[in-house]
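Report on the following structure.
Per-chain residue numbering starts at 1, and chain names A, B and C are given in the order in which the chains are listed.
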Amino acid sequence: MPPLRLIDGTLVKQGAEAHVYKSTFLYPNVPCLIKVRPTKPYRHATLDMRLTKHRCISEARLLNRCRSMGVLCPTVYFVDEKRGEIIMEWIEGPSVRDFLHNYIDDASDHGKDENKAIDVQLDALMENIGQTIGKLHDIDTIHGDLTTSNLMLKPRESPGTQVLDTADTSLANSDVVLIDFGLGQVSSSDEDKAVDLYVLERAFLSTHPRATRLFDIIIDSYKRNCLGSSVVLRRLQEVRLRGRKKSMVG
Amino acid sequence: MTIAIGLEGSANKLGVGIIRHTPSKPAEILSNIRHTFVSPPGEGFLPKDTAIHHRSWVVKLVKQALKESGVTIREVDCICYTKGPGMGAPLQSVAVAARTLALLWDKPLVGVNHCVGHIEMGREITGADNPVVLYVSGGNTQVIAYADQRYRIFGEALDIAIGNCLDRFARTLNISNDPAPGYNIEQMAKKGKHLIDIPYTVKGMDCSFSGILGFIDAYAGEMLSGAEKRDPDTRELITPEDLCFSLQETAFAMLVEITERAMAHVGSTQVLIVGGVGCNERLQEMMGIMARDRGGSVYATDERFCIDNGIMIAHAGLLAFQTGFTTPIDESTCTQRFRTDEVFVKWRE
Amino acid sequence: MPTTLSVPHLPSNYRLHIALFTSVTNAAHLHSQLLAKNAEYEYAFIEPSILVSHLQPISAGFRAIHDLLDPDVGLRTPNVHSETVFSLSPTHNITDSYRRFGISPSSTSVLAIKILDTSLASYSESSTLERLASIVEGTEVNFDTKEIRKLTDLSKVKKYYKLKDLGYVDQLYKKKGRTIEEKSEEQAWRDLEGAVLGAMALRSLV
């Protein structure tokens, strides 16, 4: 099934899961993101079609659920589930991953006082992330793939807002936006929410190994802001131990 | 030039290997012998019986290895053994043997992490320098990438390992454990053709097999007690071969997916598959397709090295030994739980 | 004053011709002509009170043209104009969609859209726009979000698009006694637009 010319845009990312293009939707001043899940030749064709369609539909539904209920994520503009394509709102701004990466590189260039100022901003960002995930779990939604690449920093809308770059650390004017819900689901289970956090913890610490302190702030913020946090965090302890305690025979 | 003898017995395979390292030359395998404890069909291998097996065979294997390699006791520089992870009693048996040799021959001991053994042997044999590693065996399913002197775990099975899943599935279908349940599943899968819709579970960089196991246990159980299962399209009867086929296609697709995610995350194009399940040709094929799709390649070793063996312990042990690492006798314990990322990989940048 | 527009990702020879009218006096006539399936009146006559932004009807037109051109999908209604009205709906109920999102005899404002393949020899932009400007008896205003929002009936929008969950999490936190930063009016409109566009996009997945 060839796509209906739906890929009029510049390839922005060729991720493991999908190809992502930047384009415009309806009007030249409405930037959009086109996400295409290509067939994976290593998979059995039936399995491949089933997975692609399921993930496309699942993602579109979850994005819409979050957007209406008040968790920041891109607006869904158009879905073609047979081709595994979603057109959604373009989120301007770096991913938290790129932002942290640049910060860690920049840190060595600054004097001590500037570092302190940046630290305060970073703590605020972690606080925001904890709140956002807390909100997500409070609407019984599991992201399924929480990594710092799936958290975007979007400058708040006001005329003349500059796009965030590494030098501009005015994080006070940014929102944390969740993207990439292909592995997500609706669930009220504490186990699922704990695993969601566990995935983020592992992804966070493996990508930013010197950032343990920052991750702790995320958990602390989640604890204070998410209504169901105490049960989930207790469960998280169990999930962590499961990883450590697994009988690794053979 | 340094020579090490390595002893491996963390599960049902007892391996003894002797390796020689010469500067600026590839490692030389002087001997690599193994003996496997095979349990009857429908049964798994128990720690007690496995330990007995290892104790019965270790002296014979060590003698044979020395003879084959032509190495004298004097030439051996260190005794390497699997410190963990693995099954308690079998690990202990082999550790006792290692300690005995160390005391008898007056040689230093080197405790080795089993997973690191697989990784280092894989790198040595295939020449893959810095690949993403998929380590898949009866007890382990991990996606590993090297960074900052640690083998960091990027993704793993959250509940049971793929090999364990395959073994238990073989048990349900009464498939023979000789030479290995996974091998027999692989051969049966080649004759299967209907793809049954079974649970596919990837969560971020991790995956989960308990869903598959639960489903397929129930399904196979129904089949074996007489219920007729037919393919919805062709109306043909579903066979155990179809089950093996479906299990592989689904479970391996999950492994390839989490490996691909890690590769995208760290920006790598090379994959190295190690561990017993890494012998599976379908898994290698699928991984290869994915790697080539990304402009890279897959590396795998043959059954001499993917299945647990002593030479990988000798090799990894020798790498550590050469950085000055030894394990004092009173610290030469074993541990059932020994995370891959706990090892300080001093021998790499 | 009517607007002509072709959209990215669809063949550029397909164009939408759009005009928005207030103080409309001939809604009953237009409605009866639609029911009579009079070819001269083959337009998408949209009820503006269910609109929240200019993107909404265009998105519906996009879906209609896309489905028209997709051999695996095709139209579910008689023509691309009725399909446009149907595409405003979050559900598959066609009759409901005409009733809710199309004009009624008592409509006082009308959004008219004509979709044509401009590569056809019979096409003339000037006569299309002339006809568009005259077919509705009322005052033509700019087709833009500012004008549209003057006509929005919020309770109807929330009802027809089933937006009871809109802003749920903030309500939840308020109930628990937290102070929630009030959203600006613009942000509230944006959220509404996002929810509506999303509901339309997900129609095929329901």
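In the analysis below, a residue touches a chain if its C-beta (ideal position, glycine included) is under 8 Å from a C-beta of that chain, and two chains touch if they have at least 3 such contacts.
Treat the numbers as computed from the prediction; the structure is a model and nothing was measured.
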Intersection of the contact lists for chain A and chain B: none
Centrality ranking, top chain (CA atoms only): A
Centroid distance [mean C-alpha coordinates] between chain C and chain A, Å: 32
Length of the line joining the C-alpha centres of chain B and chain C, rounded to whole Å: 60
Residues on chain C engaged by chain A in the complex (per definition of touch): 5, 7-11, 55, 58-59, 62-63, 66, 69-70, 72, 163, 165-170, 172-173, 176, 186-187, 191, 193-195, 197-199, 201-202, 204-205
Chain A-facing residues of chain B, complex: 10-12, 84-87, 114-115, 137-140, 147-148, 152-154, 156, 158-159, 161, 163-164, 195, 197, 200, 202-206, 249-250, 253, 256-257, 260-261, 263-265, 276, 286-287, 289-290, 293, 308, 336-339
Residue numbers on chain A that touch chain C, as the complex places them: 1, 4-8, 23-27, 30, 57, 60-61, 63-65, 67-71, 75-82, 87, 89, 135, 138-139, 157, 227
Complex interface listing, chain A residues touching chain B: 15-17, 40-44, 46-47, 50-51, 144-147, 149, 183, 195, 199-200, 202-203, 206-207, 209, 239, 242-250
